[in-house]
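Right, one structure below, let's go through it.
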Amino acid sequence: MPKVLMKGNEAIAEAAIRAGCLNYFAYPITPQSEVAEYLCWRLPEVNGVFLQGESEVAVAYMIFGAAGAGVRVFTTSSSPGISLMSEGISYLCGAELPAVFVNIMRGGPGLGGILPSQADYLQATKGIGHGDCRLLVMAPASVQEAAEMVMQAFPLAEKYRNPVMILGDGLIGQMMEPVEFPDHLRSEPSNKDGWASSGMDHRKSKTRNLVRSLFLDPEQLNRHNMDLRAKYERMKAEEVQYENFNTEGDYQALIVSYGTMSRVCKTAVNMLKEQGIEVGLIRPRTLFPFPEAAIGEAAAKVSCRAVLSVEMSMGQMVEDVERSVRGARPVQWYGKCGGEVPTPEEIIEVVKTTLASDLSRR
Amino acid sequence: MPKVLMKGNEAIAEAAIRAGCLNYFAYPITPQSEVAEYLCWRLPEVNGVFLQGESEVAVAYMIFGAAGAGVRVFTTSSSPGISLMSEGISYLCGAELPAVFVNIMRGGPGLGGILPSQADYLQATKGIGHGDCRLLVMAPASVQEAAEMVMQAFPLAEKYRNPVMILGDGLIGQMMEPVEFPDHLRSEPSNKDGWASSGMDHRKSKTRNLVRSLFLDPEQLNRHNMDLRAKYERMKAEEVQYENFNTEGDYQALIVSYGTMSRVCKTAVNMLKEQGIEVGLIRPRTLFPFPEAAIGEAAAKVSCRAVLSVEMSMGQMVEDVERSVRGARPVQWYGKCGGEVPTPEEIIEVVKTTLASDLSRR
Amino acid sequence: MPKVLMKGNEAIAEAAIRAGCLNYFAYPITPQSEVAEYLCWRLPEVNGVFLQGESEVAVAYMIFGAAGAGVRVFTTSSSPGISLMSEGISYLCGAELPAVFVNIMRGGPGLGGILPSQADYLQATKGIGHGDCRLLVMAPASVQEAAEMVMQAFPLAEKYRNPVMILGDGLIGQMMEPVEFPDHLRSEPSNKDGWASSGMDHRKSKTRNLVRSLFLDPEQLNRHNMDLRAKYERMKAEEVQYENFNTEGDYQALIVSYGTMSRVCKTAVNMLKEQGIEVGLIRPRTLFPFPEAAIGEAAAKVSCRAVLSVEMSMGQMVEDVERSVRGARPVQWYGKCGGEVPTPEEIIEVVKTTLASDLSRR
Amino acid sequence: MPKVLMKGNEAIAEAAIRAGCLNYFAYPITPQSEVAEYLCWRLPEVNGVFLQGESEVAVAYMIFGAAGAGVRVFTTSSSPGISLMSEGISYLCGAELPAVFVNIMRGGPGLGGILPSQADYLQATKGIGHGDCRLLVMAPASVQEAAEMVMQAFPLAEKYRNPVMILGDGLIGQMMEPVEFPDHLRSEPSNKDGWASSGMDHRKSKTRNLVRSLFLDPEQLNRHNMDLRAKYERMKAEEVQYENFNTEGDYQALIVSYGTMSRVCKTAVNMLKEQGIEVGLIRPRTLFPFPEAAIGEAAAKVSCRAVLSVEMSMGQMVEDVERSVRGARPVQWYGKCGGEVPTPEEIIEVVKTTLASDLSRR
């Protein structure tokens, strides 16, 4: 299939269908409503189910129901809507159900605005819900990558029996780029007969499957949590994805940035190179698991004097960058949140100021 | 007033009244329902308002309404209930409204169990809601401290115009201890005339107050977020609270632990001392802001060979400990989650194993 | 107390307080929102409870809860809001709980309009809810009568352990008239210790009270319904109220009309009298029980050639008039619904046309 | 197609599909949950939509949405569930939308029981919602008739642009009888292009369709209500259905009974005939419009000395019987409500007692 020009939100929608997901429950919210607009006519074409829930709270439990029944299912929302799914997401983690959540972030907190941001980083990677739950979080930097990550998300969710979140800023959802849906990313739903409440008629084993997050016996609940922890550790071992940019040679500073923000940073890196200043960049493609080792090593390069976390948020990813750098280099944050994207010029200015300052201690 | 023997949940309830808070909205959930049981008869005695909301989602917005009208208001819940308040808490942060949330944590994720845990650490301190929002989080280790923190929470919430969370494990709520409500912790609600939507009749200034979290202009929203960030930085500068235990002299290992868990750790520290092994302990009393500097310095003591984060969760606070230690010492986690509290013997075992292992690199 | 000039909605609100009802739950809807506006400041003055529910469905069950606990409680709403309370009202009847509902009717069906109507007559008197349930329905024709009926409604509700409805058209709610609240209509709540779930501490009898509408045994449910039926029959025997106007002498036609509509009809009767045409009028003050006997007898007067039901609805009360007249005279309907009140001139015209037509058979 | 043995609830479900209705929204409630159980697998087979709403309130508005979009849609529920749809049904009437509601009645009021009853007669025929709204109400007496009425209901709903209700007692839903779905009752949805909000692409006329029940101008709302009234009058002229049984010759008493109850009455009539007592029976098949004229004439037969309304309710239809008989004969009620069906022996007893009593005046 040739590349077609699509809006990010539409590409996300189509990618889910190409990934074999025919169940979509959602509640509209700017800036991702185009996903629902697209799927409300597209899903019926492929005999899929489109259902607008009565609220995001309800949507989360519709997802729970469908996932528990063993079918591929996903939703899309934006920041406040994701908060409303918080309890449900924790239940999905607790019951070990695979599902895909797309969060096209807008500025917050509260109602905030409707323009792009990356201000849900901490929510997505740390505290999305109560209890020891974690999402596998992927952050696309282009429409093409958004489509591919959506296609990868379903088998990943099934591999780990855990929700996967695609964390995109509003720009990813709204901009148009050429996109294709690689055939090799199509996948068959994994055999869910071992655990899904899909009815005994359709499966060989006639044992009763039970989907639940309730474990009243403390020993059992502890064991369950140890198993979940082992799963999250396995994600850290097997699923880290990131991109290196201009890190082969020496560089004076290292930028860590993701999503659309990283594209602006790359422009800044190129412009700085022309001015004789080398800056390396690491772009996390997965936010959980976070590329701790890669960033730790890149920061430790002898030439590197400072690390900069550039975010469309007020200092969120910088905490993970600090953890990764382990005190080896000063770590600084730069960002904006509210809809304005920092420009290459601003980032160049920040890099220069950082390098000019006394870096002996952050 | 002499000390009286009270259950933690009751002490929390009474403390709120002593702090001058006469508005309580909540939805029952184990293991904190005694707060509601106590207040349903106690609040009418003092002409206060007790209201059971139709859900935790609703409760969060009842809190929003009352706080926006300028009155002291609080709620209590447990893990899943707090998740349901996630969106509302973000709105409170965005609209800069003071309110107090008490989370008597139970084991998760999902339904989990009804026994104590500390598994909402990351949620409370990092990702409670969408957007750049932060709570001031206090963690009591005794019924007395729970009462005092509740009394302190209201003026703190008003000082910062921000929600404050008391994060207690289920043990804090359920156990009985002697408690008093110090008169010096009583406080008057700060003058809210400058911003609360309380009607012009009752205030001198006749300008219109507007409570909102919506800022459609990106520049304005960015400025709003910069102001919020400055506020959170000010919390870090002014509100860090922690307790040192056995840190005056040399110690081979440093334990970081909070809440009821820290009491067990202190017993272990004392027992280890008898065996000739010195272990220091830092107990964060505030979880956000986190005592980064204190832990960083304590970990850097020459005699200290390892840092241990002991939690009733699966590795949550350990991330903040890692950030604080900045690579200076290996950081390890030990914990349980599900209702069983690790015993002193277990902790002693873990300390010994850690010290016996090769600590050159975690 | 001297008469004061009050809006009908305010008089209704104040009357409830004078009747000793300190619990009001409601959801705002035009044209009765002034009741809530008045009570939101007035009830706190008398230590009463004002609570805006999250919907009318919820309000009905808040009423259920309060009534079941043995306190006087009431709500006010308008047509669509009453429909939403339909299930709850049936539950109140089934559980035999006293409560007062005020319906300030607006034009329907559906959203309809916000101007006065009497279009909920059949709903109030026949089909308010599922199952064999009936309300005692009173229809005021002036602000003074509205106040008095509200004051009478509470002891009546308690006498029958059944909801009582005040059915007023929007005019009753909106117009201002001098009103007083007669001391002799004040009443003490009847002793509810025999059945209310108010806790054993406060009552002599230490038997357990159970409030319920569920009777799974068919014989028991039938007996329960026979008891309810006996109660409704007792209402018919003891509570019928109506007003005669110009019925002492002979009259050619009989008008049956209630509420504000009846006041216009009286003007028409007076104007017709000046033209030499005598018309009698019966104004039901209770709609259930309906003054069947009185109307039957008045219609049977030898001089009377026709009966006219004049309503601000499309032919609702006319069914009860037909039943009452028992075929003795032709019965006709005249009405409007939408907000326009039929004028005296229109009614005069209708009376003349009716008398001029061949009345041998309707 | 040959007759198949089906439960009433299943026959109702299948009949709707045969009638070309592929949209079903519902919330489960005994004793009609088999409809949903059947349709949840059957509708997907025919590419239909099965959707369980989050409540009956929601279901009513899902019906509104689908009906407004011009597709055939129906729901089924039982007594309390129908009450919750009360507001929505009024909106459907106001907006003149065709839809089919099946009420498989259980004993009430309130929770009542789960056994059969006919206790929603008044609700269905008089006061289902606020405002001047009426349903066309059909009452089947057998599984076959239930199936046929469902098939007829859709074109009738479209003919009048008004909801149609099938009012069945629980026995109709639960019992099994042979049933066939006559081909001649299949129908095409009428052309809804003139009013449905189905999008302009699919219709010739490019004028904008507006579905609404709001008419703020009183004159317009009155005209709208006059149009609705004319429609209901047209139903009375064109849609009355009833069955005569043993009414050709002379009879001493006339029974009016519908649904399953009428079958028991027929047995009683046959048994009485053997004892030399002739009793006529009229079974209304439509409850609104009610067979007033037929009953009036049958009651007026010279030999007839009394009329008996036999119901599984506490005196509901008897009001319509009284109106129909117009005082010509005494009218009595007999019934039970709670799940027990009156036996032929009981009815025989009642008939004899009635005939033996002084019938000069009821």
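As written, the chain order gives the labels A, B, C and D, with residue 1 at the start of each chain.
Definition applied: contacts are C-beta pairs under 8 Å (C-beta built on N, C-alpha and C of every residue); 3 or more make two chains touch, one makes a residue touch a chain.
Only a predicted model underlies this, so the values are computations on that prediction, with no experimental measurement involved.
Touch-path distance (fewest steps) from subunit B to subunit D is 2. Taking each chain's centre as the average of its CA atoms, subunit A and subunit C sit 59 Å apart.
Taking each chain's centre as the average of its CA atoms, subunit B and subunit C sit 54 Å apart. Subunit C and subunit D have Cα centroids lying 28 Å from one another.
Shared contact sites, meaning residues of subunit B that touch two or more other chains, are absent. In terms of which chains touch, the assembly is arranged as a closed ring, every chain touching its two neighbours and no others. If you check each pair of chains against the touch rule, the ones that pass are A-B, A-D, B-C, C-D.
Across the complex, subunit C meets subunit D through its residues 57, 79-80, 82-84, 86-87, 90-95, 105, 107-115, 117, 119-120, 122-133, 212-226, 228-229, 313-316, 319, 322-323, 325-328, 336-340. Residues of subunit C that touch subunit B in their complex: 47, 51, 54, 58.
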